[in-house]
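The structures come next, written out as structure tokens.
Shared between the two complexes below is chain A, which pairs with chain B and chain C, respectively.
This part shows the complex of A and B:
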């Protein structure tokens, strides 16, 4: 592991321990009361859920252009993070929606395109798992289409009539709500980087092990 | 050169198809079977659920289109001609364009039968506004086929390709299917609003441009080894 890994992991862990305290101290929202506070975890995980397919798509494009294994590994790790943070987003969202909107799910553009993005992440992983030889390039093709979906998810709330809050909400937040939010965003970003680093290291070790097996056979 | 290669491949695929009629026969039969399943699922006491026709039409297109996609490249693999295509001294994107045109032609041919059938069975006035319906069908099918042709080509050499094609294809083309269904449903509304249909048409154009450009680039990169 790189030198910065352990301190960063400790910092990230501490931030996740402190975050509930900050969230509890933040003021209640005027219309929704306390329910809205799931937002402090929902939005950071949603942002990571947008970041991951972009990392996956860019790495895949680089892999297709240059053919380096490291780009492919990064794409694979990012696809797994897409599925992970997508799951967090799609669990916290309906929990909030049940109390705020009175329903678990609505088929609007934001929710539908998020679900589609999550499913493309799954499709990528299914292909890697069951595609057999040559599926690395194939999966890279899938990842490009997954990345194209991201801007669509992001802008969807601003162009379609929906009950999901638009993207303009964030910059207008008062300081008392902004501080815990950005604190949580930082914690989630650190988690993203840590998981990515660990996953890449695992994949490098696996490649090395495979090479050793081959060398042993020969 | 690009147009000529694409045209030759398009013509070759259509010639093979006209002689065997394999894809169009199986695709159409499957589409009709799918429509019949919906007829039992979505008709209650002799009445069709409102707006069901648009959904039924597009699901039938998506399902049967997947069959056609799998078949065009299965044929190349079976006769081992895909390698010959790839070895030919021509642009890879031109090969993709030719294949896409052939797939598009076959699915559109199936739609020519499918649309009146769904209109008749589900009492839907599709043909009242033929130009807009044709626009939705052509643009929607192009979006579906552009991604489908790319993935079908990529999967030719993969294990369990029959299983993987729908798994990869549907999540990506769901936006196209949604736009198609919504646009077609808007055509059927009693209070018809052309602006709504135009909006979905515009969205389909956007998807088509993005998908075709991305597929042309990816095809070159993925098929080169």
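This part shows the complex of A and C:
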């Protein structure tokens, strides 16, 4: 692992330990009450869920253009994180919605496009796992659709009628709510970088393993 | 001619009365108002001294959400570490085997 990995992992772990304290001290929201505090983990998860398919899509585009294995490995790592953070977002969201909206799910543009983005992540992983030879390029094509879906997910709450809060709530947050949120966003971003590094390391080790098997067969 | 016009007007009058009666009986405007989805919040406001009314208990949902996130992340890190450890072990084993073959 790179030299910065261990200190960053310790810092990230500490941030995750401290975050519940900051969240517990932050005020409840006037309309939603205590359940609003799901936001402090839901929103950073959702941002990582938007970041991961972007990384996957850009890496896949580079892989299709240049054919370099490292771009493909980065795309595969990011696709797995798309599925992970997508699952966290799509589970915490309905838990929040149940109390805030009185329903687990609504088929509005934000929730539906998020579900589609998550399924594109799964499609990428299934293609890589069971697609056979040439699936790397097919999966890269799928990843492009995943990346194109990201701006749609982001702006959907501002352009289509929905009960999901729009993106404008974040800049309007008072300090008492903004500090825990940005603290959690930083913790999730560090975690994303650490997980990407670990996952890339796994792909590099798998490539080395394949090369060793070939060398042994010769 | 006049007779048929009068019949037509009577029919229109009856239709209007029936429509009005149906509207009142079914509570049309009220239904239309209920069909409107709740408006999204465009701002999150901290609660003042008065606590927000709780119809559905929030604590289990809140705790459940945090358990899902922390548990999910923990199991993913665990799975990643195991996969990485297993592959690195195989790499070391094969490297050792290649070295032995090279010597032989």
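Rule of thumb we're sticking to: the second predicted complex is superposed on the first by the 218 of 218 C-alpha atoms of A that agree within 3 Å, B and C clash if a C-alpha of one lies under 4 Å from a C-alpha of the other, contacts with A are read in each partner's own complex, and residues count from 1 in each chain.
Here, a residue touches a chain if its C-beta (ideal position, glycine included) is under 8 Å from a C-beta of that chain, and two chains touch if they have at least 3 such contacts.
The structure presented is a predicted model; accordingly, all values stated were derived computationally and were not measured.
Undergrad: Put the two structures on top of each other at chain A: do chain B and chain C fit, or clash?
TA: On the superposed model, which is not a single observed complex, chain B and chain C fit side by side.
Undergrad: Who does A:157 touch here: chain B (first), chain C (second), both, or neither?
TA: Once the two structures are laid over each other on A, A:157 reaches chain C alone.
Undergrad: Which holds for A:138: it touches chain B only (first), chain C only (second), both, or neither?
TA: Once the two structures are laid over each other on A, A:138 reaches chain B alone.
Undergrad: In the combined three-chain arrangement, what's the angle at chain A toward chain B and chain C (CA centres, steps of 10°)?
TA: 70
Undergrad: Quick one: classify A:120 as touching chain B (first), chain C (second), both or neither.
TA: First partner only, chain B.
Undergrad: In the superposed arrangement, which partner chain does A:32 touch: chain B (first), chain C (second), both, or neither?
TA: second
Undergrad: Could you say whether A:214 touches chain B, chain C, both of them, or neither, answering first, second, both or neither?
TA: In the superposition, A:214 touches no partner, neither chain B nor chain C.
Undergrad: Between chain C and chain B, which one touches more residues of chain A when both complexes sit on the common chain A?
TA: Partner with more touched residues of chain A: C.
Undergrad: Shortest C-alpha to C-alpha distance from chain B to chain C once the two structures are superposed, in angstrom?
TA: It is 14 Å, taken between the nearest C-alpha atoms.
Undergrad: For chain A, which residues belong to both interfaces, chain B and chain C?
TA: Touching chain B in the first complex and chain C in the second, no residue of chain A appears in both lists.
Undergrad: Which residues of chain A touch chain C once you look at their complex with the stated criterion?
TA: 16, 20, 27-39, 41-42, 45, 84, 87-88, 91-92, 95-96, 98-99, 101-102, 106, 157, 161-166, 168-169, 172-174, 176-177, 191, 195, 198-199, 201-202, 205-206, 208-209, 212-213, 215-216
Undergrad: Over in the complex, which chain A residues touch chain B? Could you list them?
TA: Residue positions touching the partner: 64-65, 112-113, 116, 119-120, 122-123, 126-127, 130-135, 137-138, 140-142, 144-146, 148-149, 152.
Undergrad: Can you check the complex and tell me which residues of chain C touch chain A?
TA: Those residues of chain C that touch chain A are 37-48, 51-56, 58-59, 61-62, 64-66, 68-70, 72-73, 76-77, 80-81, 83-84, 87-88, 90-91, 94-95, 97-98, 101.
Undergrad: Quick check on the complex: what are the chain B residues that touch chain A?
TA: Of all residues in chain B, those touching chain A are 147, 150-151, 154-155, 157-160, 163-164, 167-168, 171-172, 174-175, 178, 210-211, 214, 218, 221-222, 225.
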